[in-house]
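The structure is given below, and queries will be raised subsequently.
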Amino acid sequence: MSKTGYTSNEMMVITASRFLKNDAVVFIGIGLPSLAANLARKLHAPNISMIYESGTLDTKPDRPPLSIGDDELSRKALSIVSVPEMFRYWLQGGRIDIGFLGAAQIDRFANINTTVIGDYNYPKIRLPGAGGATEIAGFCTHTLVMLQQTSSNFVNTLDFISSVGFGKEGNSRPKLGFTGKGPQAVITDLGIMEQSPETKELIMTHLHPGVSVEQASESTGWPLKFAESIKTTTVPLEKELSLLRKLEKMMK
Amino acid sequence: MSKTGYTSNEMMVITASRFLKNDAVVFIGIGLPSLAANLARKLHAPNISMIYESGTLDTKPDRPPLSIGDDELSRKALSIVSVPEMFRYWLQGGRIDIGFLGAAQIDRFANINTTVIGDYNYPKIRLPGAGGATEIAGFCTHTLVMLQQTSSNFVNTLDFISSVGFGKEGNSRPKLGFTGKGPQAVITDLGIMEQSPETKELIMTHLHPGVSVEQASESTGWPLKFAESIKTTTVPLEKELSLLRKLEKMMK
Amino acid sequence: MTEFLSLREAVQKYVKPGISVAMEGFTHLIPHAAGLEIIRQKIHNLSLIRMTPDIVYDQMIGMGCADKLMFSWGGNPGVGSLHRLRDAVENNYPHHIEINEHSHAAMANAYVAGASNMPCAIFKGYRGTDYPGVNSDIRFISCPYTGETLTVVPAIKPDLAIIHAQRADKHGNIWMKGIIGIQKEALLAARQSIVTVEEIVDQVNEKQGGTVIPRWAVNVVCCVPKGAFPSYTEGYYNRSNDFYVRWDEISRNRQRFLDWMDRFVLSTIDFSEFMLKLEKQGYV
Amino acid sequence: MTEFLSLREAVQKYVKPGISVAMEGFTHLIPHAAGLEIIRQKIHNLSLIRMTPDIVYDQMIGMGCADKLMFSWGGNPGVGSLHRLRDAVENNYPHHIEINEHSHAAMANAYVAGASNMPCAIFKGYRGTDYPGVNSDIRFISCPYTGETLTVVPAIKPDLAIIHAQRADKHGNIWMKGIIGIQKEALLAARQSIVTVEEIVDQVNEKQGGTVIPRWAVNVVCCVPKGAFPSYTEGYYNRSNDFYVRWDEISRNRQRFLDWMDRFVLSTIDFSEFMLKLEKQGYV
């Protein structure tokens, strides 16, 4: 914890949770996205439908799950569907509003690598792979990307394109036939990035309290642009922070 | 009922039931096939698995159902699956041993018409159509066809090929890529037909007691051939008849 | 958000002349009440879609609601012909209807494709049959690995799906149990959906088995008790096999059919009055 | 007919060097006991298939059982990397393994195709990604109706599927409940199948929900209580999140891993002794 009274991870989770509206149908991976969705559900979005890749439609866990296969998720689900049904009817079928994505690398057009660092055949680091992310990125109406902002994560050129954000030139989605609109925001520990309608690349539209433009620039592997009127993210509210910490404690 | 003490329908059903072995997985339509399968299960094949197109896997109705959607079938099923699963995993997946087929017309190569009498676009009689029969005919390991033998049913040329028996020349199955071997027998009110290994067409191998070769010939729309040593079907046994009648009474 | 409407309101709002409508129910949970309400509201020029059109489509076709019919088996199950469907196809009465005929496997795969947002489905159907000669929608492609010829059919994507289910909860989540048929796929393949249910309860779940369809895939819920009659709703009432048999006699003759429809459907204000009248006349 | 064998007998009879094996379990009901028995019997040259290889495949790969791996997400769920898988891919230790990498959607569709006796599956995957460049199994075709480019993947048809379930009845019918994942498709896609279960009961059915797989799709049933540990079996025991965390430390170092496997797996005669030893050492 820093002198601000909250950690950068907490800032990320709280920022993400604010993006989730009450009626949203949200496709969630484990970790920070799961915390963000559970936080939103307990705060301002009680009717949110949480969908985990393992097959649980509209689950209402009492505690945030430890993995997407946590038995808490299946016990509290409205419906459990098979993996083919999840990927065919619900995801490719275009029935999910928001999908969360993580990344090992991201480029200026919000394309994502979760596959490999280095050469595919002779990898420096073999990552787990994309799993469901490739199609989450394509077929959820919107996506939210969450990751730490460093110059080695935010790169000029991805080692491997695992999932498409806005495509190679920043405008490939229509010709790829995706039903989804792509990343609504990239939420980092430093602020929020969104697509610029002009340059089609990610620009910094919000900085978290206390984060400087220089710090954000140095933590990005390409010449980062900023919105003309850059905003400061609202500092975490007391009720957000205390509930988030309660949720995290339940996971121990 | 004739002077033989049983009807020709009863003879057909009992003959069909004798084809069903104890471990058979049988795909059943309503009517005579359903009676035959239920009879076999109560007599010599207690472990038979009865599958109805409506989605019931291994159902054990106390009374023969009145339609494939009879609630008795779903109450007594080991498992109920969706229609897509039935046709994809179980039928096309090649997991059914025997499928029953009915017909409005059949040709010498056991191809079947259940679609239309007359021209397709200006039909004399519009029949219900093939439903599941097209793929039952293709993908069950064996099929059993049951229908009344008359010269207007057993025709030279079908008005419409709804389901394939042995194909146009009697040997098309391998090139059609079917997993099933085709009709094991065509069971009529006059006897049993099976495919001749030489001519590839249906020949009469059994006649029911009291049926003459002339009668069978006259009731067939093509020059019917007979097996060299034609056999007489075993007369219905008392226990077969009494049980069948009990089953039929339960359907009233 | 799922709306809760009366069946009359739901049909008024969603069933427009010219749209394609899939009213599915594979031997169970057939949405009869909805069909009768469409007849009552005299909505015509519909493209009807259903694997197993039975009495309810026979009624709609006989009353002139349909311009087109996509189907795979059109009979009165366990009884025989659909006389109104036959009269339309054989004699263009009350008018010509365009037929788009498939096999069960084709329609099942095509609904799955629709629910999956695919433009088409592949399977191994129709081999050696005359279907491809009468239905130009049936195409073939080669498997890129084995060279095997595979059959292609276009996805079914109805403008509207109408199904019947046991229960909805107060949020609009749907619970159905028993033979599930193709209803879930039909609903998910459609652009909009109406679900009639036996009752509305506080909560539904899968603990006692069955299938739950989440509220966000459902546009309208209508509470219509007995809404599947003469078909059945498992756990509520059995199939009226007797009515299926009687339909054969009612529908065989044009005038007899029209009189019956006038008396029982057009002269009743809704499904509950229809059922009451049937009961009084000894049909139930 | 379904056979009832001990897990040792089942593995001896069905797991032959060189075959392809799918041991599925999507976060739930993972057939861990079966994986350890394959390691105990030192069966090598396997083509392993699994959407989400986790600890059990990490163990098999680390012990040299696998020549190939088809997968779509290879990590320790909620924890991080699979160190034995990484060591094989990054450093060819204990030997080179051939990777066939897909997305979840691709493998799910490919299993469905396998279960449906199709040679391939079509879907809308991989668009705009680098997968097609590293996996030549990924092909494309045009939709014959819309011209849209669709992705094709070959069907998965394993020689053998191994899954874990809650119960079998005495005839070999299988009952599973909770998160069902891809197990039914894996079993039906495979030429042969082994199912380990928590217990064998007189009768199974769907009345209380869940899925039943009929006996005639199952070759062997083995009763292996706790057989999914450290994964879970709904209704029997919870996931040992703790063991997944400890596996990170055990597997990080080659020698530490080999010592651990020797001590707990190779030196125990079966899964129940393995579990006993784990308990004694405070792992459970």
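We just call them A, B, C and D in the order they show up, numbering each chain from 1.
Basically, a residue touches a chain if its C-beta (ideal position, glycine included) is under 8 Å from a C-beta of that chain, and two chains touch if they have at least 3 such contacts.
Just so it is clear, the structure is predicted and the values come from calculations on it, not from any experiment.
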Each chain counted as touching chain A and chain D at once: C
Each chain counted as touching chain A and chain B at once: C, D
Selected interface, A-C versus B-C, where C-beta contact pairs are more numerous: B-C
Centre-of-Cα separation between chain C and chain B, whole angstrom: 28
CA centroid of chain C to CA centroid of chain D, Å: 40
Sequence positions of chain C contacting 2 or more other chains: 112, 116-118, 123-124, 148, 184-185, 206
Numbers and ranges of chain B residues touching at least 2 other chains: 80, 88, 92, 139
Pairs of chains in contact (touch as defined earlier), listed by label: A-C, A-D, B-C, B-D, C-D
Interfacial residue positions of chain B with respect to chain D in the complex: 23, 25, 47, 49, 57-58, 77-80, 88-89, 92-95, 139, 179
Chain D residues within the chain A interface of the complex: 26-28, 51-52, 71-75, 77-78, 81-82, 85-86, 89-90, 101, 103-105, 108-109, 111-112, 123-131, 134, 148-149, 178-182, 184-185, 231-232, 234, 238-239, 241, 244
Residue numbers on chain D that touch chain B, as the complex places them: 1, 112, 115-118, 171, 173, 184-185, 188, 204-206, 211-214, 216-217
Chain D partner contacts - residues on chain A that touch it in the complex: 30-31, 53-56, 66-71, 73-75, 80-84, 86-88, 91-92, 111, 115, 120-121, 123-135, 138-139, 160-164, 167-168, 172, 176-178
Contacting residues of chain C [partner chain D, same complex]: 116-120, 122-124, 139, 141, 143-146, 148, 150, 152, 154, 206-210
